[in-house]
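After this come two complexes, each holding subunit A, first together with subunit B and then together with subunit C.
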Partner chain A sequence: MSATQSDPQQRPADSRSRLTDTIRSNRLAQVGVVVVLLLAVTAVFGPLVSPYDPVEQNLAHQLEPPSPSHPLGTDQLGRDVLTRLLYGARLSLGIAVAVTGVRLVVGTAVGLVAGYAGGWVDEALMRLVDTLLAFPGIVLALVIAGVLGPSLVNVMLALAVVGWASYARLVRSNVLALRNREFVTSARLLGRSRTHVVVRHLIPNVVAPVVVLATLDIGGVILGTAGLSFIGLGAQPPTPEWGTMLASGRTYLQQAWWLVNAPGVCIMITVLGFNLLGDSLRDMLSPTQSAQMEQL
Partner chain B sequence: MVDITRRQTLFGLATGVSGLGGYWALGGDLAPGDDGAPGDDHAESDTVTVGSPWTPDSLDPVVNGWLWRRISVLEPLLTVDYDATVAPGLATDWRRVDDVTWEFDLREGVTFHDGTDLTANTALPSLRRAFESNSMASVPVESVEAADDQRVVIRTDTPFSPLPAHCTRGQTCLISPTAITDDGSVSEPIGTGPFQFERWQQGSSITATATADYHGSGPRVETLVYEGITDDQTRRLKLESDELDMARILPNETADTLESRDGLSAHTYEIPRARYLVFDLDSSPFSDRRVRSAVMHAVDRDAIVENILSGLGSAAVGPFPSNITDWAVDDLEPYEYNPDRARSLLSEAGWEQDGETRTRDGESLSVSIWTYNTRPKLPTIAQVIQRQLQEVGFDVEVTLMESATIKEQAKSGSFDAVLWSSSVLWYPDPDRLSDFVHSETATMFSGFENETVDRLLEEARRTSDRDERFERYAEVQRIVQREVPIGWLTYYTNVVGTRADIDGYRPHPTESCYHLENITRQR
Partner chain C sequence: MNGWKLARRVATMLVVLFGVSVLTYGLIFVTPGDPARTILTQQMGGQTPSQEAVEQFRVAKGLDDPFPVQYARWVENAVQGDLGQSYYSDQAVTAMIATRLPNTIALGVASMLVAVAIAVPAGIASAVEPGSQTDYAAQFGALVGVSMPNFWLGYLLIIVCSLWLDLFPVAGAGGLEYLVLPALTLGSGMAAVIARLVRTAMLDVLDDAYIRTARSKGLRERIVVYKHALRNALVPVVTIIGLQLSYVLNGAVVVEVVFQRPGLGTLLVDAIFARDYPVVQGVTLLIGVIFVVTNFAVDLTYSRLDPRIDFGGEPT
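Presenting the complex of A and B:
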């Protein structure tokens, strides 16, 4: 690892060029970027162009197969499936970004404190992290969402609570590696405050792996939200949420395949897109860091 | 470690969401019909496999008797006829000797599956167990005695006309005294039915074989396999893939698709079960009768039947469907679909239109409808109601919860309205109305208190004359119709799919028994 690389000032430009290189050379990475960009555009502008209301019922047009006026057909209450998917994209992406954001902030904070403070603080925080990691995340989320009662907000809470531990562990291990490096030691010897050292020297150096983890995580959160909504713990009717749509369309599997397939494919593409993007981001990091990121 | 978490999350959810097909297949494979395997004497055509949503959880008739009764392994003292009246069962005749004393003549020449003869003495242990159990605590039985060899006498604490109807319930199924162990538990369901218990897998399946010397007619197949399959799509798929000969309680919309397929047929029949809204009478806004009536006028029940229930069934007027039971009253005033009437009722009650949602003294007309999704159509119906109530100025939130949670929370705290579905006649007596509207014994949670209703229900319980009882129950139904603590929405139609080579199946309206002893296979 070269000295330039650990210099926070030089990193961004460096990684930007490597990012473009990676994306140019890697077809899968291109797919990931395109999918995620498309999704973002869809989520923001899709609902604006749709002529239908996602919750407005039209019983005269229920269970219509795909047609020019309803490209993905209508559901059992005559609502346009495509419109509901578009609004659902907004919801899913919004939730995923919010939950991942909370996970990232909490996890990073805990990791920084644990790694930099060391001693019993580190010990205590890491045992808590171990406990959380030892639990299958989705089971814990199920329990939390079940206890709090069915609502989208509670699902977000549950997913946020179970997911931050991986960030804490990742950040801590990075901080442990960094804390004794020359630039940190010299900053300390120069009399810089702890806050200064953490903010100026540690955080910039853990951002990259954390962002990669977050990108990979978004897919998981989308799947988690859909899964919990599918079993009725998440979005309440008539909210157009992908998991809920999947669940309510399930009884019509034989008469109306589009009710299940449309949200199902949406979930799949989205998760795939984020995972491809995450993978390509990981590849863009240097070999050493890349090896470290393999664990993600 | 990080690795494990992420992959597990993804994997777990992938199984949850996209891998459902796999999950269904797995669930099904756990309880396969191993019974046609080599070494089994019976030809395949002599086995009939039935799938329904309820899993066999106990061998004890007090707990699971209704299931053993449905598949004709156990038989109760009295049965339910196709017109939902009480009919002879293991007792051929019964009479009320005086206000509190009932005599039952046991059928002659009946033996339990273990060879024990059915006499008053062998019947007593299971009858006593049944009436002492918690699940029959509402039946005020004081003693069960043998009058002579074939006659059982049951005395009640208070005059109790519905007693014969309660003697059709699964708990009162008779089992051989040898099946009751010293500590009072049941080791095996040794009954008197046309099929006898062979083996089971708790929670998934039961295998029963034909009783050689059954006292009635049938059975016409050698082996009966019952599978408890919770998911209705799985039941349908297993029927289509020939793993089931009969799949019960399928979604309404599958009726047409089943009929159109070769080798399958669908039976649809109305059952005495209703979908209804239970209002909380103790909290605003449904403490006001006008608001409750407004809801009933705002909901287009015919549209629900037509569009959501695939046209199967009918919109409900009162609690009882008149083409199933004579206890239905035909002069009940139906709540016609009339949004304007609903709007004027709401205005009358002080809820003024102000923007989208009505308000009264700064309080907005926001209600929450709780329902559950184990009955597949309820969430969809809730959304239709939500939409229709918005039309007249309600702000409605639909919340899906576990049915047990709803019961618990609605009983202990305040709520607005619950969309519920239950049988209105699971024992064939209109005393069932007490469970809905009696101020003290009601198991429904509306909090309805009406002295006249209580008095009528109690009188009808004591009276033995059928016409006098009918008058009282009719009056109760009229009062409930006016006061709407419970708003009846639709009745229920069941869809049963069978393989086309199954002959002689006749659906029973109360489903107290599937009467599988009457079916044959053509193959």
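Presenting the complex of A and C:
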């Protein structure tokens, strides 16, 4: 491990302290952290606090403008918009974390295999990655989800299938750079198994860039889920999903402006929070690592 | 880029195009159950089609052949400009695309103009005084821009500009007045991305030795910024704008749905819901091919403009 210690970037303990340093010194990062934490708290506890049901119809109170009892008004079926948004936060954050998690795990695994194995395995995997990246992401996800049939699960599946490729590319290029570093060669010369090298020496060194990419990616996943649901492929009414809510509000643009704007603001703030966080996390990477990130 | 590297790059592109076509054609086989049965059920409004009708449909549409045969036939025709016929209208897919494509191109070009008009001044203002209030405002604006779902921005513009102020039509396609709101919607998100690129590129250039020389010669700051720096900073920016095509195509789908514009995006979405697979495949293939070829062209231009950049294919 002596070779590792000579390079400060390679030590997980240091990147952790750099993480706290970055967040402490960067105001935008702080805003990002606060927004994301607030959202998480809202998603967990919000629905518990609300006195209303997110799906039960109350036709006596259709399309009521914002008022003290309904701070964000009611929708065309008399449901409290704020309550639905709170449940929607749970759904959006849950989906975003799940989809990003799958992308991260699959992409990292493929990238490790391709980078470490090299040869035709690498060639084949990378052409698959190129093919997936050869489509604008939302268009491909739209087609996959559409062929599978409209449902939230299918949208998640489509977004996961479409999105792992950039993780694979990032991890592979990191592995290629690491493969010939002293601490990796010496581990190999010491007769360590492949698994040992990958688990103890490669994975710890790709964690930082992968986490940064995931943070930057979450916003995109939230936009993608909401966008596909808006088009009608994702969550179906009466599910309180933000994109679906926005889509059903478009019939009432004239009478009830809050129906499209309330979910719109929620999506924007959530994505903004993750982007602020991801952007500032990127600054803590080494220059080479952030250059690799730029090329994705 | 020497000849060998260029050949390698072309070969990679051909492999990717092959992958794109297999993926596009193979997609319909992801349909849960039997595609022919699912399509017919959809066409008959949910009724179960008879076994006979399913067989007939399969034979008529060539779905009874093994996958490689179907795929080969499809590619062979596609190369000759024949993407098959819609399951619904028997209209040629290429003809359907040809009527919709101009609207999408118009939207793409208009939103690109909007994006550049916002992004270049904002990026320059940002880079000239890094760390200033202006810089922070521009950077924050850019972050808001990339975080804003364009379907929401679209409705926001419709509510304010069409319903309240009555300036533009709500939906449809036609003259320039139909293009303004969709182009603003799509362009502002792109502006955010481009503004950041302009800022980075300008900061890089302003740091260069020849700028210091220009300044020490006593040239006015305006001339240094606009004549010396901007010109060089725009080289990477112009090419990278080409890469915004992905954003245009992703965004066009949603924006066309919002404004009910007849374009490639709405054609694709309608075909998906109708399970009109020849149309879905045709549009997807077209988008994939355009995207791959543009990226290739951008790579080439980029390495030609700046020979230090090497896209030789080795680890990036």
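The definition used in the following text is that the second predicted complex is superposed on the first by the 277 of 296 C-alpha atoms of A that agree within 3 Å, B and C clash if a C-alpha of one lies under 4 Å from a C-alpha of the other, contacts with A are read in each partner's own complex, and residues count from 1 in each chain.
We take it that a residue touches a chain if its C-beta (ideal position, glycine included) is under 8 Å from a C-beta of that chain, and two chains touch if they have at least 3 such contacts.
Predicted model only: the values in this text are computed from it and were never measured.
Enquirer: Between subunit B (first) and subunit C (second), which, if any, makes contact with A:147: first, second, both or neither?
Expert: Second partner only, subunit C.
Enquirer: Given the touch rule stated above, what does A:226 touch, subunit B (first), subunit C (second), both, or neither?
Expert: Touch status of A:226: both partners.
Enquirer: Does subunit B (first) or subunit C (second) touch A:272, or do both, or does neither?
Expert: second
Enquirer: Which partner does A:246 reach: the first (subunit B), the second (subunit C), both, or neither?
Expert: Both partners.
Enquirer: Considering only touches as defined above, state whether A:57 meets subunit B (first), subunit C (second), both or neither.
Expert: The first partner, subunit B, only.
Enquirer: If we overlay the two complexes on their shared chain A, which of subunit B and subunit C does A:255 touch? Say first, second, both or neither.
Expert: In the superposition, A:255 touches subunit B alone.
Enquirer: Contact-wise, after the overlay, does A:237 reach subunit B, subunit C, both or neither (first, second, both, neither)?
Expert: A:237: touches subunit B, not subunit C.
Enquirer: Applying the touch criterion given at the start, work out whether A:177 contacts subunit B, subunit C, both or neither, answering first, second, both or neither.
Expert: Only subunit C; A:177 stays clear of subunit B.
Enquirer: Check the residue A:216 against both partner chains and state whether it touches subunit B (first), subunit C (second), both, or neither.
Expert: In the superposition, A:216 contacts subunit B only.
Enquirer: Overlap of the subunit B and subunit C footprints on subunit A, residue-wise?
Expert: 136-139, 149, 169, 219, 223, 226-227, 230-232, 243, 246, 250, 253-254, 264, 267-268, 271, 295
Enquirer: Give the list of subunit C residues in touch with subunit A in this complex.
Expert: Residues 12, 15-17, 19-20, 23, 27-28, 30-32, 140, 143-144, 146-149, 151-153, 155-156, 158-159, 163, 245-247, 249-250, 253-254, 257-258, 268-269, 272-273, 275, 280, 284, 287-288, 291-292, 295, 315-316.
Enquirer: Which bits of subunit A are touching subunit C when the two form their complex?
Expert: Residues of subunit A touching subunit C: 28, 127-128, 130-131, 134-140, 142-144, 146-149, 169, 172-173, 176-177, 219, 223, 226-227, 230-233, 243, 246, 250, 253-254, 257, 260-261, 263-265, 267-268, 271-272, 275-276, 279, 292, 295.
Enquirer: State the interface residues of subunit B toward subunit A in the complex, per the touch definition above.
Expert: Listed in rising order, the residues are 1-6, 8-10, 12-14, 16-18, 20, 232-233, 236, 251, 253-254, 257, 303, 306-308, 373, 376, 379-380, 382-384, 386-387, 397-401.
Enquirer: For subunit A, which residues count as touching subunit B in their complex?
Expert: Listed in rising order, the residues of subunit A that touch subunit B are 55, 57, 59, 62, 76-77, 133, 136-139, 149-151, 163, 165-166, 169-170, 213, 216-217, 219-220, 223-224, 226-227, 230-232, 236-238, 243, 246-248, 250-255, 264, 267-268, 271, 295-296.
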